[in-house]
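Across the two complexes that follow, subunit A remains constant while its partner is subunit B and subsequently subunit C.
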Partner chain A sequence: MYLIVLLLPFINAFFLGFCGRLIGTIGSGVLSTICMGSSTLIALLLAYEILVNDAVVHIELYKWVESEILITHVGLLYDTLSVTMLLVISSISTLVHIYSTSYMSDDPHVPRFLCYLSLFTFLMMVLVTSDNYLQLFIGWEGVGVCSYLLVAFWTTRIQANKAAIKAIVVNRVGDVGVILGMILIYKTIGSLDFSALEAGFVKPPILDNGARLDPWAPWAPIGILLLIGCIGKSAQLGLHTWLPDAMEGTDSNGSRAPQHKWTAGVFLMIRSFPLFEKAPLALLIITIFGALTAFFAATVGLVQNDLKKVIAYSTCSQLGYMVLIIGIEGSHNVGLFHLFNHAFFKALLFLSAGAVVHSTNYDEQDMRKMGGLIHSIPFTYTMMLIGSFSIMGLPYLTGFYSKDLILELTYSGRNMGVPYFISEQGHHLESLEGSIGSQGGDKRPWGGAEGSGPAPLAPPLIALWPESEPSRGSAFAFWLGTFAAFLTAFYSIRLVYITFIISPNSSKESLISSHINIVDKRVLTVLSLLCFGAIFFGYLFQDILIGDIEHPIVPPFIKVLPTLAGVFGMSLSLLLYWGFDSIGPLFILPIYSFLGGAWQFNHTINKLIAIPFFNFGHWGTYKTLDRGWLELFGPQGAGYLGTRVSQAISNLQSGVISRYALVLLSFTIIFLSLWG
Partner chain B sequence: HAQRVTRLYRQCLRHSLSWIIERDKWRREAVCIRARFDANKNITNMTVANQLYEEAMKEFNLYKHPDPYVHPDSPGGVRYERNIPPP
Partner chain C sequence: MNWVLSSLLFLPPLMGIFHLLTAGALKSPARQWGSYGSALKRIALFWSFISLISTIILWLSLDQEGGFTPLMDIDWIEGPEKIIPITMGGPLVFAVDGISIYFIILTGFIVPCSILISWHSVKYLTKGFLICMLILEFLLYAVFSVLDIFMFYILFEGVLIPMYLILGIWGSREEKMQAAYYFFFYTLIGSVLMLLCLFSLYNIHGTTDYLTLASCSHVPSQQQQKWIFLGIFLAMAVKIPIFPFHIWLPKAHVEAPVAGSVLLAGILLKLGGYGLVRLSWPILPLGAQNLAPAVIAMGIVGIVYGSFATCRQIDVKRLVAYSSVAHMGLVSITLVTHDIIGLTGSIFIMLAHGIVSSLLFILVTILYDRHHTRLIKYYRGLSITMPIWGTIMIVTSLANVAVPPSGNFIGEYLSILSSFNWNPIIGVFVCSGVILSAVYSFYFANRVTFGASGSLITSPRDVNRREFYITASMIFFAFLIGVYPIFILEVIQNSLFFIAL
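Right after this comes the complex of A and B.
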């Protein structure tokens, strides 16, 4: 059972990849539905065993690397985190497979598409069920490759190919962080197993033999490196540029699958949480990055006109929330809960968007050419509205349970403080707060005058973590997160309003087409199931996933603020788009351009990083080094030199006596002058 | 000159439609744009005409949409070059 849940998607991918053409589109659809559906049922059984019965299953399959410096194995770990992810991946993937059989029925390459989807699902499952970092990295890279294949599915489309290359190259930057983080982890605790990670922190980091106690090393660098990996994979601010372009290549269903890849970064952070707990600096950076991402993506989503790009930036914003809450001590399970909830209402939004696109005449994705679709596709409208309300966090829908809790926990944010130390004798030592980052070593918690040189032999120290007050970091994150909630409501309702409610702006053929194209039963079923999840799963699963989280006590105004922000955003959006018909004041134009260009990150990265690196790669390493110096001093240069020298020497044999006499005379004079 | 003015007029209409999504509201703006072009349609002095054209281009560049609408099957559209048959 534990292996079959992984192998079924792989078998499906293998078979479709090699024999998909033989069984055709319908056969591929049937096979995919059977395999993925079975995998989901097994995942449900596992969920009952692990989540409900509170069990943990660890299976060591076989030894993988057995060398002097590294011993690791292939194993499967089924705990709350991995089974929750497994449930999300298998269920959403199954629904996407079923949806694709309808949505892409006109495409000639459906078996290949379903093969890529299944392979992606398999590798994602490998990632979440791995019990060590090396195996996780296999899945990590694999989902990147599968994402490339899915984004570039329409290989004839230049934009899709460019987007795929961009995605894999930007992800690679994050992968470097993960690799370096893994190396540091291995150097620190001697193993890459997750069990060793937890065991390694039974005792806090105590240095011996007089080495200065440095609470930052190495946990903070490891945390920051893993965060870089998360930034790349989960499209956080800085390495997010591939995300909107990834919407270029595929249909909505194909966009949905890479979303699992986006959650891989969040999964890595949650899995590495024993490590992050001991690195308050890393936690602070994580919270700030998450808040900034949530805010940034929400501002950009405000001005997008492509249906899928609005939802893509919305996903980026919600990933920011997940990362944000991971930075708050003891709240990483809330990040997992939000990931779980988000999977369902975001899938609902994406697949509903696909249904909208499919109902129009030209697969129109620009909202400006929609409008009035509430009359032609009312079911899809309802699904989209429910998904939007859920993402806004309106009370008692799925999104409410996680999103509000995130903001409340952020408001009462803990662990933004710095550790203090006591010796084994129980002497309380000063906090290192003043000495961190200072020059010249001011405060020495274990005594010694300022500037008195290296610390004396330090007594054994025990690091404790203070009961901290809500810090500036958590306040910053809270207000950004709340403002992002307001913006989320704004662009969600803007999307629904422009697409469905305003008067039709499309061509006559498109309108007729939307009336004629009846939504397929498979699409109806999938959307209905997701709708159920978007409404009820938050309530149903909160006890299982976050039952141990205590809701913080916050002022009543703070408690209702996220909901008020959502309602205000919704109202403002309706007011602006219904009540005003002019372009607006002139100063809005540069703001609109700035936001529409995603804060000009693409332009900036191109100018400052991409083009200089390309130029260096071409003129520096290629022309000057490879084709220049290395060839000159290498085999080619040696051959060329030999040829030229031998030619020059042979030219000396000119056959002219006077030249021979001249050479003879010259050397005689030189010889006599030197040794004469 | 007529061709470039016509093209500018067409671009003004397209970009204004990208801004003002609803067609009934856009119609008002389209009529205003047409009126502004018609007000200068009888000018025969090329110097004046060129100057008016330059000013109009400046104003267009100021107001143009950063993300104008592109038809899905046109270059830059979402369905462009999708599943094209092999040569």
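Right after this comes the complex of A and C.
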């Protein structure tokens, strides 16, 4: 059972990939529905066993890599985290498979597409169920590769190809972070198993130089390196640029699956949380990155006109929330909870958007060319609206349960790193050393980390800081997060309003055809199921996933602030769009274009990194060095020199007797003078 | 003297050569199968397959604990004392251990592949070509199994002769002479230095027997070791090739016929790495330690430089050649970091890269056979006209950038780990190759495979059965050694423990 849940998607991918032509379009739909459906059922059984019965299953399959003391097994680990992820992945992925069979029904390459999807699902499952970092990296790279394939699914579109290359190259930057992080973890703990992460703190880290109680064990660099990986994979600020291109370049369906991929980064962070507990600085950086991403993506989402781009940026923003809460000490499960919830309402939004796009005549993605679709596709409108409400965090929908909690926890700011590095900037290094050193004095060198207790540094630090008001880092994150919530509400309602409600901007044929292309039963079922998830799952699963986390005590105003921000953003959006057709004139134009160009990240990276490096590659390394200096001083120079020297020597043999006599005479004189 | 094993290893290529030589005279029944050339190819293919099978049998009967499995010993120069008073240190020993056996299997695997892939592209002097291939195979087996450094040198240089002939006779263009000249210029300069160093080693120890040298590695002084290592390293650096000595490689690859490229990339480049594994740490530990920083610096320059140069190539063969330079830079770094992880990693990269880069050359040649151009700019949208080729191309590119379940990943990860252990900054530099390899590999794969199909090339034909079997089996092995590497890793490490540390 533990293996089959993984193998079913792989078998599906295998058969669809190699025998896709034999199976055919319908057959591949049936096969993948069966495989993925049974995989989901097994995942449900596993969820019963692991989540409800509270068991942890760990299976070691075979020894994978062994070199000196680096021993890694291929193993499967089923605990709360991985089973939750498994449940999300298998269920959403099954729905996406079913949806795709309807959505892609007129495409000639359905089996290939479903094969990519299944492979993606398989690798994502490998990622979440692995019991060590090295195996996790299979899934980590694999999902990157699969999303490359999915983005470039319609291979003839040049935009899709550019986006695909960009996606995989930017992801590699993140992968370097993960590789280096893994190496540092191995150097510090001596193992790459997750089980050693917990145990690694109880016993002192194994270092070859015998430093057993090294206070400078590189937890913070590890944290930052893993964060880089997460930034690359989860499209956080700085390495997010592949995401909107992937959305834009692909036509609507290739972009749906990568939404799992974004969660991979967050998953990695949650999985390696025991490490982060050691690294207050890394936690602080995580929080700040998360908050900045949430804010940045939300601002950019405000002015996008591409339906899918808006949703992509909103995903980016929500991932920012997840990363943010991981940086708050002790609340990573809330990140998992938000991930879980987000998977459902974002899948609802994406699939509805796909339905919208598909319903128009020319697969139109530009919202400005839509409008009035509420009359032709009311069901999709409903789904979209519910998804938007859920993402805004309107009370008692799924999004509310996690998003609200995230902001509250952020405000209450149990981030141990923050007071440390902000309030005692002058002395933090000494005091850190002192505190660890003093703890190293007693019997527990790694600071009270017995079992899964609180983080070692937490008690003295929290005591330093009054509970009631947030530290500066937390406050920064909280206010950015709240503002992002306001922006989320604004752009979500803007999306729904422009697409569905305002008077139609498209041609009559398009509207009529959208009525004709009404969603078929498969899409309808999928959307309804997701809609159920988007409404109820937050309530249903909160006890299982975050049962041990209490809502912090915060002032009432703070408590309602996120909701208020949401409502305010919603009403502001409605207010503005009642009066104006476009948001353009409202902004000052430079700001508008700055946001529209996504803060000009692409431009900067192209001008500063890509083009100079490529020029260097051609003119510097290839033309100047390789075909220039090295050849000149190598074979060509030697050949030239050789001919010149031999020419000179042969010139000496001129046949003129007087010259020979001169040479003879001069050598005789030289030898005589030397001997004499 | 183990007659069974040694004849398993050495006999099949020799039998093949003999069979080829006599094939015309004896009027063998092979004539009936088809044309004369085709019959010759079948003979060569048959014997190279036999050879592959026997290397695998040899592998199965290997000492798994890491020691040397002796094959044979020959009384060599040491004759009756009256005639030749000098001794070169006892009998000449051929033996196989966990390090060399994988290179031998790689040779046994690559040679039939390259005979198969040049089935139609060699149009003249077929017999000579096949004999060259089998001689090359025989010499490679010998060079990977000999335990005498002087004989190693002779065989090491002897490998050049058939390679030079393949390059010069069956090369594609007029510039093949220049390529052959570059090839010889670099390798000869390197090998002269190496010969001098081997002589001075003989002066010190009075023997050229490898195991004796390895057991007395502390005898030469540090200064001597440094110079000797420098000489040996230069010879190997030309072969690997490391940064300033690499410019023969793209030329040779571009001009070589497909079998030449495949053998060059698949095995001959690994010869340098193998030589360094054997000759650096085991017999010259102090020298290797002293010069390690210089080697590592050259390796890093090689990685970055090679990657940047690769990014801008438009000739597909040259692109693959430059990417080999980048990968081999990583190998050279980890060969001198002096830990088991690094050595294992570099050997593993060499094996995986031997398969993957050969495969890339094969794929490129499949294109060249159809369209007679190697410029990327002519190719577009091949996934529409050649879907199987496109699939294999993408998968190979993935293996080339070391995506996890491939063998390259295991090697690359261990290598980065080891270089990071040596110095964290080095590890970070090495990682730049990870990003850049993705840039050039996917640029190439995407550019050629995807996009709308262009009007510049015509007559598209997908891979045929022969090409498919070769490429598919190579991909299978490229990923097999990544999914289940332990059966290779264990033996390599046992042997490394035996000789290197």
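Here is the rule we use: the second predicted complex is superposed on the first by the 541 of 676 C-alpha atoms of A that agree within 3 Å, B and C clash if a C-alpha of one lies under 4 Å from a C-alpha of the other, contacts with A are read in each partner's own complex, and residues count from 1 in each chain.
Here, a residue touches a chain if its C-beta (ideal position, glycine included) is under 8 Å from a C-beta of that chain, and two chains touch if they have at least 3 such contacts.
Please read these numbers as outputs of a predicted model, since none were measured by experiment.
Chemist: May I ask you to name which of subunit B and subunit C touches more residues of subunit A?
Modeler: With both complexes superposed on chain A, more residues of subunit A are touched by C.
Chemist: Contacts for A:Leu664 in the overlay, against subunit B (first) and subunit C (second): which applies, first, second, both or neither?
Modeler: neither
Chemist: A:Thr156 contacts which: subunit B (first), subunit C (second), both, neither?
Modeler: both
Chemist: Between subunit B (first) and subunit C (second), which, if any, makes contact with A:Asn305: first, second, both or neither?
Modeler: first
Chemist: Between subunit B and subunit C, whom does A:Leu540 touch in the aligned arrangement: first, second, both, or neither?
Modeler: After superposing on A, A:Leu540 lies clear of both subunit B and subunit C.
Chemist: Pick one for A:Leu641: touches subunit B only (first), subunit C only (second), both, or neither.
Modeler: Neither partner.
Chemist: Looking at A:Ile609 after the superposition, I want to know if it touches subunit B, subunit C, both of them or none. Which is it: first, second, both, neither?
Modeler: Neither partner.
Chemist: Which positions of subunit A sit in both the subunit B and the subunit C interface?
Modeler: 156, 158
Chemist: Please give the residue numbers of subunit A that touch subunit B in the complex, ascending.
Modeler: 107-109, 154, 156-159, 248, 305-306, 362-369, 371, 498, 502-503, 505, 581-583, 586, 589, 592-593, 596-597
Chemist: Looking at the complex, which residues from subunit C come into contact with subunit A?
Modeler: Going by the criterion above, the answer is residues 181-182, 185-186, 244, 247-248, 250, 305, 308-313, 339-341, 344-345, 381, 383-384, 394, 398, 401, 403-405, 409-410, 413-414, 416-417, 420-421, 427-428, 431-432, 434-435, 438-439, 442-443, 446, 449-453, 484-486, 489-490, 493.
Chemist: Where on subunit B is subunit A touching in the complex?
Modeler: Within the complex, subunit B touches subunit A at residues 16-25, 28, 62-63, 66-67, 69-73, 78-84.
Chemist: Can you tell me which positions in subunit A touch subunit C when the two form their complex?
Modeler: Within the complex, subunit A contacts subunit C at residues 62-68, 70, 134, 137-138, 140-142, 145, 148-149, 152, 155-156, 158, 161, 164-165, 168-169, 172-173, 175-176, 179-180, 182-184, 186-187, 613-614, 616-618, 620-622, 625-626, 630-631, 634-635, 638-639.
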